[in-house]
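Next up: the structures, one after another.
Both of the next two complexes hold chain A, though its partner changes from chain B to chain C.
This part shows the complex of A and B:
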């Protein structure tokens, strides 16, 4: 490659590819440098590495490496009874654990032929939306932080802490809630929960106003985020892209709408979409989605039945055997489609559990595609914009 | 991008004037009402069943012995163990709290515990004192949140109207599906095993029901109880009184699951599954009485290859199960199947042979290496109230025997039963059936000293008696069997009972004499207890043996003070089939041990 070509307009043609499709990079030429980003929180919450090949300050290749966080949950579950899987699934995704609880419980219920009480469905939806708010708050802090804006993270952590208080009074725990279990939910809402939740929601909204002014209406953030990490809408199906990354590209994909579960068919909402499909657009989709969750929680609390059971009658869980079957349960988490594929064989243990976290596709295949020709200093910001949680990659 | 984008971020400065918000003081912040913090255990309530240990997927719970520690005492139905929690493993999921069989295990909302030795984070809640022991807040299992089905699967039974004029068996037996659901409720803690007099492997045979492996189940049953078919129908089921599930729900229907196993295996297969006797040893044992104790010992000893002869005064084996329990509870066929099986092990039966009359004790002693007395309790006790010598005042046990013997009794128009135990219920319900068959009307009154809550009878018996129109009048003390001028019995005069025992718990009933009633009855039946007829022993032997308040004295293995003589069953333990089976086993073991000892001496 002639030096004269370097810096020409179409960066995506650089570096060249050899006839066999591999990148034409001669590491001995002295022009390139190998650089590892990670494995400690390389721009996302969790452990994973990106092996960067840089030329000057431009990334010419990025290979993703995972495996730093492998705890083997799927395998562990094959040796645990159906109820014993319940406390461990939440760990598959730390910042938004509730989807694991919901998808696992719903899969077990479907295969066991268990009907859950109406009220439990509402409480489940409430919890999932609370979790979504927390996950987005954490994301916003990370996204801003990746471009050097530490203060946003401080504010959103404060708001998230308030929501954790609500989680604590409802579920008995702040992080690993362990509240949605096969059969329903553990308990009803505590006395006076609605009012305290309303105060929290107002505080979240206030915080988001500030975040909007300081982050989204910020020349620096715009300069860094606009145009970065463009995802072609055509890639959405090709790469299995879901959630805000797809919606940021204008593809209105939202499981809550496309295949309503729990009580979403009784709630009034439209999927939030963007157009520009860059880091800024994705951040804005998430911000607006967060505000929609605030609205959904208000809807849930006002429409939810006041009386009623929250737990179905279970058989003795110590000997709970579930007939042969398989199912896939999905839901829309803050990062896209979350799903559990469960196979049972009539025994007291799951035959196979497969967890589909959206991070798998976004943080590996898609990131490797988007990272080429990105400036090193933008890598972290790009990664955050895909909103990945490595624990769900390595179930 | 616009000027606004340059200015807008300065809004951040307004936070300069806010109170700090994200500083939380962990030492003064109280966790929420439901918080899942450190465990608490009400050790008085906890029964040490270990269900919490079974569910914990982290292996964070160990059951440790606390009996004797900190003054903790075991009671019946308590294993003497308590859970110890290791916080190096616990994930605070609270499944242990959710599943706890007594709700003794809860969580406080305490979450702070500072220690510099990591091994310290392990303690027995409720035993090792902690500052959060009495904290009220924290996670408790919410109402209605159960991880084990608290309700028993109902047993199909005949309705009162269908059963009252016949002796057809009331209970129908579980279907396979029902039995499996019931077996699923068991938490396999095994507390029942300790309570069962013969220590049947209950969780194991229940798990055989769960697996549908009935042959395995049958083997487990007969390894510990050769009266399994009978016990499956009429056992007093003490196991169920200590069942962990009974603390917050119905106990597991252990008796019915036993019955279910025996019903599911074809009878022809029994003997192969149980296994036949060992080669003959040439040792001879005589057993007096073919009831549960005698036949259990016969079963054990015959299977060891010894030559066993059973002497039975009546024409059928089964003892009290054959002559004392009405057919609607225990059909003849069940008893016959049980006896045939035992006899098939090579037991020689001598029916209609009364020891003391047809053959003498001395003879038995001479002809055998060991003799076992299993003579039961066949003499009914009387009240000795005035008029009790009237010919129409009967002992329940005698009447039951006559009914079971097939005698066509002509039922009285009205009858009064004295007593609140199972035998009283049996005779009341049997005569009620005869009345219904012969006269179409039931008129049976049952009186007892105790109030209904303290009747000795099985609550199910009381419930069914009431369904069958037996008139139960509790807290009545019998005073006189009243006859009219012609000498015809007209009824029982009774006083209201004020108390039954005195301060020292001695039997000394007091009455309210102003509250007098006459319960009309052409017959009066006394069902207040039984005793042994020991006349067969003869004077010399009676003199030689040691006695304890009228009962033959035996050691723990049923050995009397005579080296060749053992005793077992109701005559030493009081009336109870499964206890009789238990003593039958221990006597057989003791006799066997004596043989081995002798052999060792001769070698």
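This part shows the complex of A and C:
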């Protein structure tokens, strides 16, 4: 193809496909180059890599590789009592571990027929929203960083650190909390928590104002993010897309609203949606969703009962046998639908635990589809916009 | 959900039905009925979302249970379609043409449980484990502790405690901890 034609051609038709649907890429032709992005690369989302086939500076094929972080969590849990699984489940997702605790605890409670106190539900919702804010703050830093704006990550890390302080005073830990257990939560809110949380929320809002001015109104960020990584709304069901990636495409799916859990049916909110379905739209959905979480935390703290138990009476957890059964519990984490499929066999150990993280579909099938015809320099920005965490894939 | 299951029972041979919650049910089907049932649920009943596809190893019964969990995001309900496969002939038809993302699940099941899905894209490519030659590790007869002891050396100076015994001692110090 002549150079002039090359630039004008419909790039989505390139490379050509063979009759069996595979891409017509002849690596011996000298036109293509294999390039690995990751596993050690500043533009990769965690411990994974993408095997790129490039033609010039255009990606013509991308294959996701995972396995650098596999610790066999699901298998390990089969050898542990139900309560012993808690130090494991939270480690499946570092930036937002609490969803693992909640989903697993709720699944155990359902199969064991355990009711939790009302106040515990409010505290669980509070923790999940705090975790969502932390996760979004990390994301914003990563998304801006992928396009060369390092300062945003410094600002959002500062705000996240303040929220980690709140986690620390509430749970005793900053990253892995192990605060949500079957039966409720480990403790009530400490004295004066509401006031300190309000100060933190105000600081988060101030930081987000700066982020909006510096990142979202920045010409370079717009130039690179607008139009990149378009997700057709028709793909949402086909590819199992959930969370901000779906909502950025205008599909108003939010488990908190669609299948309310904990106390979300008592809170006033609407799913945040976008329209353009590109990297910019997804970033903006997350920014606005973060602000909604700030509002939800204020609602939770004002509506939460002041008195009451936070933990139900549990049987002796070392001899706790749960009747045979199976269930699936889901929640809306910052990246989409997070769920636990738990199977019990009447013994004191889980028969099978399967974790459904949104990254499983977003970082594999969807990324491999979206990455074709993207410029090499935009791969990092595209990946981050799907907000993927590899440990969810290799549980 | 009860109404839907009743309707399905008239059209398909469902051998087992469990209503777990108002919005979650599990049904068991035969191999031949799986694909027609999934298509019916997807195209006629609104279960357009493949939530997950996974397996459970019931080694004592010599079967693998495949669970196809489908979600209707508009109605807010889920149905788990279960299929029992003989463990020694662990092979199932692929559904990647119904949901492209199923190919990833099937690739993982091939690697972790040794359940084959012929025709599924890249199903034979390494997914998480590279160069694995042992039993598929998520099968119940794969012993993680034995594998670990045979493959790795304990860190010098590291003391380990039996987790169950240690926890019992910490949680219930007054109990008789000998037994």
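Just a few scattered comments:
Keep in mind that, in the parts below, the second predicted complex is superposed on the first by the 383 of 395 C-alpha atoms of A that agree within 3 Å, B and C clash if a C-alpha of one lies under 4 Å from a C-alpha of the other, contacts with A are read in each partner's own complex, and residues count from 1 in each chain.
The rule we apply is simple: a residue touches a chain if its C-beta (ideal position, glycine included) is under 8 Å from a C-beta of that chain, and two chains touch if they have at least 3 such contacts.
Quick caveat, the model's predicted, so the values are computed rather than measured.
With chain A as the common reference for superposition, the partners chain B and chain C occupy clashing space.
Of the two partner chains, chain B is the only one that A:186 touches; chain C does not reach it.
Of the two partner chains placed around the shared chain by superposition, neither chain B nor chain C is touched by A:39. Of the two partner chains, neither chain B nor chain C is touched by A:250. Of the two partner chains placed around the shared chain by superposition, chain B and chain C are both touched by A:317. By the touch criterion defined above, A:325 lies against chain C but remains apart from chain B after alignment on the C-alpha atoms of chain A. In the superposition on chain A, A:84 contacts both chain B and chain C. Applying the stated contact rule after C-alpha superposition, one finds that A:157 touches chain B and leaves chain C untouched. Applying the stated contact rule after C-alpha superposition, one finds that A:74 touches chain C and leaves chain B untouched. Of the two partner chains placed around the shared chain by superposition, chain C is the only one that A:360 touches, whereas chain B remains out of contact. Counting contacts by the rule stated earlier, residues 80-81, 83-84, 316-318 of chain A appear in both its interface with chain B and its interface with chain C.
Residues 80-81, 83-88, 151, 154-155, 157-158, 161, 165, 168-173, 176, 178, 186-188, 190, 210, 213-215, 217-220, 222-223, 309-311, 313-320 of chain A are the ones that touch chain B when the two sit in their complex.
The part of chain A that touches chain C in the complex is made up of residues 66-67, 70, 72, 74-76, 78-81, 83-84, 110, 237-240, 253, 258-259, 316-318, 325-328, 330, 337, 339, 341, 343, 351-352, 354, 356, 360-361, 364-366, 393-394. Those residues of chain B that touch chain A in the shared complex are 1, 4-6, 8-9, 11-12, 15, 21-22, 24, 31-36, 51, 54-55, 57-58, 91-95, 98-99, 139, 142, 144-149, 181, 184-188, 210.
The part of chain C that touches chain A in the complex is made up of residues 18, 20-21, 23-24, 26, 48-52, 54-57, 67, 69, 73, 76, 78, 80, 99-101, 103-104, 126-130, 137-138, 140, 142, 144-145, 163-164, 167-168, 171-172.
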